[in-house]
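Here come two complexes built around chain A, the first alongside chain B, the second alongside chain C.
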Partner chain A sequence: MNIDYHALLPEFILAGTILLVLVVDVFLPERAKWFAMPIGLIGVVGSLAGVLSLIGAGTRESFGGTYVVDEFALLFKGFFLVTAVVVLALSLRYFREGGFYQGEYYFLLLTSFLGCVMMPSSRDLLLLFLALELVSAPGFLMAAFRKGDVKSNEAGVKFFIIGVLSTAVMLFGMSLIYGVTGGATKLAEIGVALDGVSGEMETLAFAAILFVVVGFAFKVSAVPFQFWAPDTYEGSPVPVAAFLAVASSVAGFAGLLQLMFVAFAGQHEFWVPIFAFLSIATMTVGNLVALQQTQVVRLLAYSGIAQSGYILLTFALVTDDAASNRNAFAAAVTYILIYGVMNLGAFAATVAVSRRHPTLGVADFAGLRETAPVIAVGMAVFMISLAGVPPTGGFWGKLLIFQAAIERGGTLGPALAVVMLVNSVASVFYYLVVPRQMFLRDAADPSRLRVPALVTAVVAVAMVTLVAIFVLPNVFARLAEISTLVGLGA
Partner chain B sequence: MSDYYSSYGVVLAVLTAGALLVAVAFTTARLVAPNAPNREKLTTYECGIDPVGDGWSQSHVRYYVYGFLFVIFDVESVFLFPWARVLESIGYAAVVEMTIFIGILAVGLLYAWRKGVLRWA
Partner chain C sequence: MSAQEYAFTVLAVVGGLSAIAVVTARNVVHAALYLVVTLLSVGGVYLLLGAEFVAWVQILIYVGAIVILFLFGLMLTKAPIGRDTLDNQQRWLGALVGVGVFAGLVFLIQEAFPVQDAERFETFHATTDAVGESIFRNYVLPFEAVSFLLLAALIGAIVLARKDDAS
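And then the complex of A and B:
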């Protein structure tokens, strides 16, 4: 059993921070509870430094090859840790002023992020499952953190029941795979073993893949498994909704990418139609329902569902051709990362507005150009980017998926590309609802909105990043290029 | 592959047969069975005895403490026994690892203590 301690450094630092936060919290007086946040922030930054120290160090394996740190893993680890910094920054004032249990919140949040960080390195069914549960379990509690609010309780209970149900379905699928392959749990071994099964065993393997896919479909809120997401996001504290919409769902995609492109790649003829259906249903339903939303978090939830549809589309592009698969994989990774930036930004702007208007109706954004100009410009950029309109990063993300779909050829590729195009156009209508309120309507209360400095900083950085990605796509495309080499190595 | 999807025909047939079976059974029962409702029949069935109390009974919050402490010590003992069995063959690394593990669980106990859940009153 070889353990590469340097490769595990980010996880160790984060785990140590988690324990420290909990211990420090129980000894802090009530007034100073918020101090758990800077401690957590230092730990996350330390963990990020650990990730950076591993760049260029090659592929490193621990625990008999079940835990692999390669460039794909580092890319996602870095992404999750930056997300953690952002969510912590959004949380400070929100939780300090709202009368929450702060120490417990930061403990749970960091534990969830530890699961996220473990996810892209887990190359074994067992570890994958553990990482996914580590992401979800604290999430159930965090969703219900506004204890006095019925909606928050509903959010927690719904998320919990759906989470447990999807886990059970996925675990059943995994146990079938274990049986079909004769005891393989490593993803690469499963890929080899599944290619050898035929006849009735192959049917069983298909059923197993279907169960696993359904389990993950719940996690990434794909239609028809999406109904929990809007209620949960709406009821949760806004920073928690940001965490769920970005970190939790990206963690789901990180796991799904590894499973589909490495373990189940040989069975793509079976699961490509499933993903084609999931993708079309997810983006269409997400966009159509989003058109009718009047509450911003619900709008973002449905927009997130539609965005999941675009990402799922890349799975439906898998063929026997390795080069085209690499394209699809690169498009998926790039889109996921850009999606993370723009969605975090949108939630940051929402956190800023929630201080004056806790109900967060679309009309509450009226006149934001006067009351909080930076937030207003930022939110406009995020919305335009989510719609996939230049000059923003979201445009490149969509273009890459579109290109990959066209290059795949056949009837499926172009057909999916057309569906995606129509959906993107439809989505512009609801994404522009918020900017219209911000710039064309006047606020009822024209006094300046007091926005915490950290939240303004997050909005500004996310906005600049999105525009920078548009201007310098080469730099960003490199990241996805690096990651593709590894995920498809097997 | 179309082979695979066409075998869903069997699933469809089974579903139809199942639905028919239920429909026929219920229709027959409705036609044949005597209908004599009374109040007694509406009470909750609780192993044959008259039900006592409300369905929504409350459980004491102290059970939370039980649950909390049980998880800490249960997990600890589940891993301690096999650990003790293989300790000799692994050596000091195992001691260090188990110390870390117990340390993490001890933080849980510390948390419970500071939150005052160890006081019974």
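And then the complex of A and C:
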């Protein structure tokens, strides 16, 4: 039993920072409470340095193979930590001016990110479950942080009840898996054991897989398990909504990728139709309802649901052919990462506008080209990218999924590709609503919008990243290729 | 039937009935007390399986601490205690879904693990020794993750439940 301390360095640094934030907060006077944020930021950057120091160090296993640090894990850990930097940057002004409990907020936020960072390394059911809970549980609390607002209370309670229900369903499925496989908890062992079961035992295993998938479907807000998401995002503080829409949902996908491609890979004939249904329903319902939204956070929530549908599509492309699976996996990873960048950007722009217009109606974005030009251009790029139109990174993301679907062949692949194409075209209508307000309408109050420097920086960096991805798609393509190493041999 | 099987039948019936009573009880305090019975019979089942450490932990923590905290919580937060405070219009739909899922699972599990060959499942004797070794050796990381989870829950609950002077 040996522990690879270097491999655990990012987690150690983050865990230490979390405790430090909590202790320092006690000694800070009321007007200096915001100081928890720079401490957290330094810790997250330190943790990111830990991740960078592990690149190229090969695959490292700890705790008997239950905790693995490989390229897939490092890629996602890096993504989560960068997301943490962005969410921290968005939070500073918002929480400082809003009269919130700041120290406790940063503590909860970083704890959630600790769960995110653990998720892609967890190759054991128990650890995977706990990482997912570590992501969600602080999320329930943060969603209700606007204590005086009934909507925020509703957000917290709805998210909590749905979250607990999905957890219970998933945990029950996991316990059945444990029984069927005769006591396997490691994902690779489950993959081997499940290939050996047949008859009634296999039927029970299918039921167990269904339960686990339903549990995750709640987490990534797939239709018909999506109804909590718009209310929760709308009621939460905007930076928390950004966290939920990006980090929390990507963590769900990171877990789902490992489960489906490693543990349950052999049963794909059972679960591919489930994912095909989830994907089509999620894309279509998300896009149709988004067309009717007049509040920007709700619009982003439904757009996020539709985007989840595109990512779920890649799961429906799994076949017996390893090369085609690799394509699907690469498309999923690439899309998830690009989705993270464009969605974070869109939420950053929303945070900027929320200082003047807390209700965040679509009309509140009118005339932004004059009041905050950088934010307006950025928001336009994010919306175009979310719609999947060039010249942005979102275009490549969609193209990769589309390609993978066509290459899969059969009737399912092209059929899904067509559904996705129709949905993408429909989505252009609502994604262009916000740019139209920003560039074609005039603001009621033409004075300059004072945007915090950190928020402007986030918008600018995200915008440049998306355009850069479009110009240099090879960077991302290579990243995804590295990460396909994850257990496709099983 | 062996003595073990008799004991299991009694525990299962008592535990199952009181579990139904937990969700049908009109009074929250009664529901919490029915929960004690359910948790006790689960503890009894652990004992029958030879997992005595888990059984005592179940009784100490769940019955001894958690349900008592429920009751304290109900009293301290002055939550509405009494009839009809927890009712809504969808109980029949809920019951239908519950019965459906229950029947389906009983069927599936019964097919996969038939009662006849219960003989081939031997009792695994999980001693305190083995449990401790397992937690602090292979499962030390999940153990630490749980401690962070509980700390976050504690802090967050205080923040949300605290009465603000300002607002």
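Just so it is clear, the second predicted complex is superposed on the first by the 487 of 490 C-alpha atoms of A that agree within 3 Å, B and C clash if a C-alpha of one lies under 4 Å from a C-alpha of the other, contacts with A are read in each partner's own complex, and residues count from 1 in each chain.
To be clear about the criterion, a contact is a pair of C-beta atoms (placed from the backbone, for glycine too) under 8 Å apart; a residue touches a chain by one contact, two chains touch by 3 or more.
Given the structure is predicted, the values throughout are model-derived calculations rather than measurements.
Residue by residue along chain A, chain B and chain C are tallied for touches, and C comes out ahead. After overlaying the two complexes on the shared chain, residue contacts for A:Y67 are found with chain C alone; chain B is out of touch.
In the overlay built on the shared chain, the residue A:L22 is in contact with chain B and with chain C. When the shared chain is aligned, chain B comes close enough to touch A:F270, but chain C does not.
Once chain A of one complex is fitted onto chain A of the other, the partner contacts of A:Y101 are limited to chain C, with no touch recorded for chain B.
When the two complexes are overlaid on their common chain A, residue A:A323 makes contact with neither chain B nor chain C. Touch criterion met: A:T203 reaches chain B and chain C at once. Contact with neither chain B nor chain C is seen for A:A453 once the two complexes are overlaid on the shared chain. In the overlay built on the shared chain, the residue A:V150 is in contact with neither chain B nor chain C.
Of the two partner chains, chain C is the only one that A:V180 touches; chain B does not reach it.
Touching of chain A by both chain B and chain C, each in its own complex, is seen for residues 22, 203. Listed in rising order, the residues of chain C touching chain A in the complex are 104-105, 108-109, 111-113, 137-142, 144-146, 148-149, 151-153, 155-160, 164, 166-167. Interface residues of chain B, counted against chain A in their complex, comprise 1, 4, 7, 104, 107, 110-111, 114-115.
Across the complex, chain A meets chain B through its residues 19, 22-23, 26-27, 203, 206, 269-270. Contacts from chain A toward chain C in the complex involve residues 1, 15, 18, 22, 62-64, 66-67, 99, 101, 104, 107-108, 111-112, 114-115, 118, 126-127, 130-131, 133-134, 137-138, 140-142, 144-145, 147-148, 156, 176, 179-180, 200-201, 203-204, 207.
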